[in-house]
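Got a structure for you, written out below as structure tokens; questions coming shortly.
All chains are identified by letter, namely A, B, C and D, in their written order; residue positions are counted from 1 within each chain.
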Amino acid sequence: MIEEVKSSFAKQGFMKTLGAEIVHLEEGCLKIRCKKQDSLTQQHGYFHAGVLTSLMDSACGYAALTSMSKGSDVLSVEFKTNLMRPAKSEVIIATGTVIKSGKTLVFCEAKITDEKEETIFATLQGTMICLKN
Amino acid sequence: MIEEVKSSFAKQGFMKTLGAEIVHLEEGCLKIRCKKQDSLTQQHGYFHAGVLTSLMDSACGYAALTSMSKGSDVLSVEFKTNLMRPAKSEVIIATGTVIKSGKTLVFCEAKITDEKEETIFATLQGTMICLKN
Amino acid sequence: MIEEVKSSFAKQGFMKTLGAEIVHLEEGCLKIRCKKQDSLTQQHGYFHAGVLTSLMDSACGYAALTSMSKGSDVLSVEFKTNLMRPAKSEVIIATGTVIKSGKTLVFCEAKITDEKEETIFATLQGTMICLKN
Amino acid sequence: MIEEVKSSFAKQGFMKTLGAEIVHLEEGCLKIRCKKQDSLTQQHGYFHAGVLTSLMDSACGYAALTSMSKGSDVLSVEFKTNLMRPAKSEVIIATGTVIKSGKTLVFCEAKITDEKEETIFATLQGTMICLKN
């Protein structure tokens, strides 16, 4: 599913808008990198919580897709974000991980960290659904 | 707090990136309008779930700010998004509403609808925190 | 599905433990009543947040079941509870409502109020899944 | 805070109702054990999702309390439960862990596993608030 993930990710106009790129991809785990720009900030100049969530959502969705059978597509059902501290970092990494992959639903977790993956800024728990084409 | 909301919203570079504008603003309720662009899409060409969440997060945050005392600032603590159907609409409205305003925490709900506010695409429940300057 | 809801509810040993009873049941909406007992409290003598959540979960699950085709069964996928104020009430009502019923997933909302349904103590947003027998 | 945790837990009538007992307690982490009884089941005879959530909520609340200053009390603000598979186990363990402890809010995660802590049945992400007495 590696090629399918890359191809689907490339179709997400919004990931381009965020300047987001996949920097790690294996079955059940995907990492996305994003660099701070003025176009991504909230009122104090840090990454907007919506940017963090968008990156974690895509990271989970595509981590989920790697666990599905060929020809599947993925949609988000729900996710919850907890924001632990302002994301004061020039570069952030969103890591999405599959926790439980069922036939229909895939449960994933994600986190936003600094580039060294030392400080956690936000976490997400979410459910993805498998669509058969 | 109306002026403070407008001024803070204007500082969110990310809202500009989304082409988002406040179209309604009263105490405890705020509506944001967003028009579809290729730069905001997921892989099927609909609004990315992250865009929907970003709009609902800002709508809740600023609805919460209207309920706080002068000089306060607001940050998101957590929020959860449920996605009910693909947001197949040219224009969407994010409505954020204060449900319970405490001294420190403000609990809000939001929804994404089409422009006529007839079809609900997504909902959000979230907690905002009041920061004293 | 009315009979199926009542019969399944009666099988939930835990609802008996909570002294919970269905007081309203129509398609897409169900209300459960629960009376305060020392066996249901947290450390300050109010209803435990887990009791509130359990009632809202069952209210949503069975509201969802009323919207499913005959012979279906229901399981909770996820839910999120926001606690707005301590549930200082002798009797509480959990109201579960179907917001969007799909073929596989049903999205529901619930709230806990006092008996007159005037004060909201907690809310829940959750996803239920339809199991075919 | 160890004594304060034990004393507060003992006041939760609802934990007694669940037959729940603290089996591990250190700063930032607490484990609760619960044995299956007919009084705790949903319609298929497994642990009710509300029981799982109640245990995780208390595990998080008291894990949070261990991270607070002496004389503090704790309340749940919000939590979200994801249910990964039916909790088909005679004994379950709820583990609550502090992820980020702030002055006012403490962010925690919890999981429900079998007694050997090998299989995860459910997870929870939640926010606790510190009350000063």
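The rule is simple: a residue touches a chain if its C-beta (ideal position, glycine included) is under 8 Å from a C-beta of that chain, and two chains touch if they have at least 3 such contacts.
Because the structure is predicted, anything quoted here is derived from the model rather than measured.
Note on connectivity: the fewest steps through touching chains from subunit B to subunit C is 1. By count of C-beta pairs in contact, C-D exceeds the other of the chain pairs A-C and C-D. When you average the Cα atoms of each chain and compare centres, the chain farthest from subunit A turns out to be C. Centres computed as Cα averages put subunit A at a distance of 32 Å from subunit C. For the pair subunit C and subunit D, the distance between mean C-alpha positions equals 20 Å. Those residues of subunit A in touch with two or more other chains are numbered 77-78, 80, 82, 127. A complete topology is adopted by the chain contact network, contact being made between every pair of chains.
Put simply, subunit C touches subunit D in their complex at residues 8-9, 11-17, 37-43, 48-51, 53-55, 57-58, 73, 75-83, 86. Partner subunit B is touched in their complex by these residues of subunit D: 77-78, 80, 104-105, 127, 129.
Residues 80, 82, 84-85, 99-100, 107, 109, 120, 123, 125, 127 of subunit D touch subunit A in their complex.
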